[in-house]
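Look at the two complexes coming up: chain A is in both, with chain B in one and chain C in the other.
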Partner chain A sequence: MDGRFLARRNAQPARLADVPLLQESAFRAAVLDAVQTDGCHIASLFGRETDGAIELIAVVASDEASELGLIRTRLTGDSFASLTADCPQAQLFEREIAEQFGVTPEGHPWLKPVRFHAPWREPQPGGTHTPGVTDFFRVEGDEVHEVAVGPVHAGVIEPGHFRFQCHGEQVFHLEIALGYQHRGIEAAIAGGPSKRTVHMMESAAGDTTIGHTLAYAQALEALGGAKPPARAHAIRGIALELERLANHVGDLGALAGDVAFLPTASFCGRIRGDYLNLSAELCGSRFGRGLVRPGGVTFDIEPTRISALQERLDTATRDAKEAVALLWETPTVMERFEATGVVDSDACEEIGLVGVAARACGRAIDVRHDFPFGIYRFVHLPVMTAHHGDVNSRAFVRWLELQRSAEFVALQLRTLPATPVRVECGAPAADSIVVSMTEGWRGEVCHVAITGRDGAFTRYKITDPSFHNWFGLALALRGGQISDFPLCNKSFNLSYCGHDL
Partner chain B sequence: MLKILLARAHQGHRTMRYPDGPAPAMPVHFRGTPRIDTSRCPDGCRECAEACPTDAIAFTEGKPVVDLGRCIFCPECERACPEGAISYSSDYRLSVTSRSDLHVSPGEELRLAAALDAKMMSLFGRSLKLRVVSAGDCNACASDVNVLGTIGWDLGRFGIQYVASPRHADGIVVLGPVTENMRLALRKTYDAVPEPKLVIAIGACAISGGIYAESPEQHGGAQSVVPVDLFIAGCPPQPLTILDGLLRLLGRIEKGR
Partner chain C sequence: MRGLAQLLLVLVASPLLLGVINRTKAIMAGRRGQPLFQAYWDIAKLFRKGSVISLTTTWIFLLGPAVAIVVPLLASLMLPLAAPRAPIAFTGDVIVFVYLFALSRFCTTAAALDTGSAFEGMGAARELTFAALAEPALFFGFLALARVSGGISLTSFMTMDGSHWRSASAALVLVIASWFLVLLAENSRVPFDDPNTHLELTMIHEVMVLDHSGPAFGFILWGAAMKLFVYCALIVGVILPTSGSPLVDLPAILGGVLLVGVVIGLVESGMARLRLVRVPQLLVTASLVAGFAVVLVLR
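Let's look at the complex of A and B:
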């Protein structure tokens, strides 16, 4: 990233006017240079309407320099030159811009709806928005067949539509069409913050309540000039890691279930609940609802309760380690995990995977480490990686991370700073922009807040890690067996609603 | 193999004794049915109603009436009340048969769900197969519906099971506010379930649209598309709340409990 961008640290606000406004071709060149030459990844790329024109804003993240680069351009017509052919990780962002604002990324190789909704802009161009109705990629041939799955799935799972192009058991190609969970969150938040906003953050992806609400709280604190007390940072960290523990343990159990290894599946299903119940001890809700608010947290951990929490954490973690360790010693499990659903490291970088899926390809990126926020500025967690990009690597990264997270929570419980847990958070500054990121259990959660003259949000962009990673699942299936789909899917365990918003 | 057996011995038998034994304890800050002590309400005070993100509190004749179908059990009203008149109880029982039963006036007890009638009970009382349709839920309701299948809760011991096809089902569970994009799929799933059938709406979104009730991308809950037989309130409801609702429907919980 170079001087063409405005460089900011995580959750460091800026005046919107200070974000460089370039000609479209220069904007495009700058983003391409940052990604191709400087090793940045696109953290967010989105549109907004201003004075009747469409402005594109890119946020590129330099993991090495811990800097976020902001840049923008204003479209002169109803189209712009697509980045996707040269920079595949832009593909879904550009499709989203096209869908939301009715503009065309010229030369986009895969221009299809993302969430199947009408454009936000008036007057709205014609066309239907029936979910799952689009021109799916098809492989032709006498022995090729297509398998369509969803939107309603066989288990207790969110809806999505999957199209497999198969030759016998072998999958040539998988295309994933989402949008069924679209609740219109971004549109609803514009004009806020209102009394509803924080609750929408808590349920943007309900299994990542802390990850998203923390990103939101950091953004508002940056815009409102509030500095949460040290104890609030520690409690937020505990909550974020408990969320990770619950989900990682649950995923490892579910992976075991998908290869019919029932001991670990049964044990982990219960232990996941133990971690969720620890989150409930913090704030009454197993999902961390009501805990994180701008300015700090709303519940303290009374000193009298710490030793009991500590004990429950230790017991759960001991049980989890015993349950998960069985996986690595069981040949039938390893035979199914290893070399299944491979995403190679080049593809990982090219399509911009984040979080567990990226670290399983050997890419050492982690917002807690690269763009430290809150407690992670003072307490560092090592970045856990594996190197084969397969189901086994994605499972193994979770196994490593759950141990680090448990150690972290134990340490924080022992060393809670003696401060209040919340300060007043002022109204957001006017005409400003802030990028706020956290490392949710799936990966990078990125929120961008832009305020207008009155301090209200003129645009609030949410990027769930799933938005980056769904394409990774599609690639993981290529050349694999269709019967491996449940296993691959669970090894990513992506959010439908976090993608659909 | 030996390690698996040792782990099995160590992890032990973990299915809870409820409903024959006591219900699992709720955490300290658990937010069950809200209670309002109206004797402490200052004249004309509307702080709680104004703070409520889902407009679940309405005043009729100066008295606050809570719509538990909208309530997301957040701490906002409790914190906004200048007199500390609102508090959440540890009462996890939040299931009703009729939508209007979720409107609770101060001092009034929630009319908990009734058991199925004799004919339905003879069909489903000992075997109830459910198809779960997530229609815009945030995966919190789905997670706590799913958790009932794990060994701690073991839904199977009541003859209740989630099934992989509506053709195998006796009813559907609806989660989420029913997004525009799931409306048709929900309707088709319902139509594919053989008669007679049940519909269970779980969570504030599926009952009223919840926090998303104002969004044009959704339809305000399951009732917009299908008739609902059981409403289980919460955001998300505790697994115990969901289990309590299912067991009441099947007449497995004695009256007065």
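Let's look at the complex of A and C:
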């Protein structure tokens, strides 16, 4: 990342006019240089409509410099040169831009709708789409067969369509079609913030309530010039890690369940509930709704509840350690986990995986470490990695993070600063942009807020970690066994609604 | 008359076996678990429900469940349960016994293919592949037992007087170990299949019956319970010497069957299921083990 970008720290606002506006070709070259030579990854790439023209804004994240680079360009026609061929991690972002604004990324190798909604811009060149009705990659041949799964599944899970090209039990190719959960959150936020905005954040991806709401709160605080008190930062950290604990334990249990290993499956299901109940103890909601608000948090923790929380946290963590340790001690489980669903580290970097899935491939990226925010500026959590990129690595990273998170929460409960928990958050500054990132339990949550002349959002871009990672699941299946798909899927455990928004 | 009583016994007792397995698993996992008689309620519930039948299917789709419930009943008539002689017994009945189940498998897979669903076809392919590999283990076992008992009939295998444990214990242990693996594979239990999974892509048996509902699915469920009961009874019958008195033998064989259920529950509680590509390896192992038993008795 170089001088062509406007460099900002996490949740540091800027005037929109200060973001360099480049020619299309210069914009393209700058983003490619940042990704290919400077080791940055694309945190967000999106369009917005301004004065009847389409503007593209790229946010590249430099993990080493802890800086977010902003850059933009204005399209002159209805198309632009696609980045995807040279920078595969842009592929889904470009498909999204094409769908939202009815423009064409020329040279995109597989341009398809993402969420199957009508373009936001009038007139609507593409017309309306029906979810799932699109071209799918096909392998031809007498011995090749196609298996289509979903969107309605045998279990109670979110809808998504998976299409496998198989040779017997072996998978040649998997294509994933989502969009069934599209609710139009981004479009609905524009014009805000209103009273409803925070609730949309809380339900953008229900299992990452704290992650998304925190990113939103940080963005508004940055734009409104508010500085939340230290105690609020600590409580937000506790809530974020409790969310991680509950989901990681739940995932490890579900992984055990998928290989029919009952003991861990049964115990972890219960322990996940214990962690969720800790969140409920914190704010009355098992998923942390109603806790994080711009300016701080809505609930303080009194001394009596601190000791209750500590006690229950210790019990749950002790149980979790016993239950999860069984996994690593059972050879039949290891046989299933190891070398299943491998994503190699080159592919991981190329397609821009984030979060647990990236750390399982040996990439030490973690927003808490690389772009510290809130409490993580003062308390540092080590980045947990594994190196094989298989189901076992993804499970093991969860197991390591689970232990660090439990230690973190215990420490924070002991050392809560004595300050108020909330300050007033002023109205957002006009004509500004801010990038706010948090490390949700799946990985990097990136929110970009842009305000207009009156301080209202003209564009609010949400990027859930699932948006980066779904393609990783497709790659993990290549050459694998179709019967291992559920296990691989669970090891990523990506969000459908976080992707579909 | 005795045949009728035996049919009733298999019909009534078999769902309990599922209850015992589930209860064992629940206790091992620290859960309370479903009621012991849940399988009875499930079957009763299914019989009261309507069915949804795909328009692309033909009569073959309903033949599967019908055969699936008749075959285990017929097969059970060849087992001498607490009697000196099975209701149906003749030299070579073992072959009919094995191929009755093969017939049932043929009809189930045909019904699965009849739906035209990619999953069901996949499940049918898996089922048939693994069944073909399990067959040698059964027949090697029969061969060894024929040599030990001096007859080629299930009745002669299951009514030995105990002296077989003195003369050919090593071979018997091998046969029983091999057959236990076959039992797990044939009845879609862990480590071959996972009867509890909802993940259609990993299923073997369950995926073939995804389209069945209502009474037809009730037949399948009940038939599967009876098939498991018959396999357990076969193994228990070979292990236990008969005393000749039904008052001793009947509780012994029923207790033995439920005990096998507990063992299945313990196996399912202690290990993960195999990667699908490893299943053939374990089945070939089962055949080799039974083959060794034959070598031992022929020596």
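Before moving on, here are some points about what is shown:
The rule we apply is simple: the second predicted complex is superposed on the first by the 498 of 501 C-alpha atoms of A that agree within 3 Å, B and C clash if a C-alpha of one lies under 4 Å from a C-alpha of the other, contacts with A are read in each partner's own complex, and residues count from 1 in each chain.
As a working rule, contacts are C-beta pairs under 8 Å (C-beta built on N, C-alpha and C of every residue); 3 or more make two chains touch, one makes a residue touch a chain.
What you see is a predicted model, and the numbers here were worked out from it, not measured in a lab.
Partners chain B and chain C fit side by side in the overlay (superposition on chain A). Taking chain B and chain C in turn and counting the residues of chain A each one touches, the greater count comes from B. Of the two partner chains, chain C is the only one that A:H145 touches; chain B does not reach it. By the touch criterion defined above, A:S483 lies against chain C but remains apart from chain B after alignment on the C-alpha atoms of chain A. Of the two partner chains, both chain B and chain C are touched by A:P263.
If you stand at the C-alpha centre of chain A, chain B and chain C are 60 degrees apart, rounded to the nearest 10. Within the superposed three-chain model, A:G284 lies in touch with chain B and out of touch with chain C [touch as defined at top]. Once chain A of one complex is fitted onto chain A of the other, the partner contacts of A:G155 extend to both chain B and chain C. When the shared chain is aligned, chain C comes close enough to touch A:V333, but chain B does not. After the two structures are overlaid on chain A, the closest C-alpha atoms of chain B and chain C sit 5 Å apart.
Residues 154-155, 263, 266-267, 330 of chain A contact both chain B in one complex and chain C in the other.
In the complex of the two chains, the chain C residues touching chain A come out as 25, 28-31, 118-119, 121-122, 125, 190-191, 194, 196-202, 210, 268-278.
Interface residues of chain B, counted against chain A in their complex, comprise 3-4, 7-8, 10-11, 14, 27-31, 50-54, 72-76, 79, 88, 131-147, 149-152, 162, 164-165, 176-177, 179-182, 185, 189, 210-212, 214-218, 235-236, 238-239. By the touch criterion given at the top, residues 115-117, 131, 151-152, 154-159, 179-185, 187-188, 195-196, 198-200, 203-207, 209, 263, 266-267, 269-270, 272-273, 276-277, 280-287, 289-290, 298-299, 305, 319, 322-323, 326, 329-330, 495-497 of chain A touch chain B in their complex.
Only residues 145-149, 153-155, 168-169, 256, 258-263, 265-267, 330, 332-333, 335-336, 340, 481-487 of chain A touch chain C when the two sit together in their complex.
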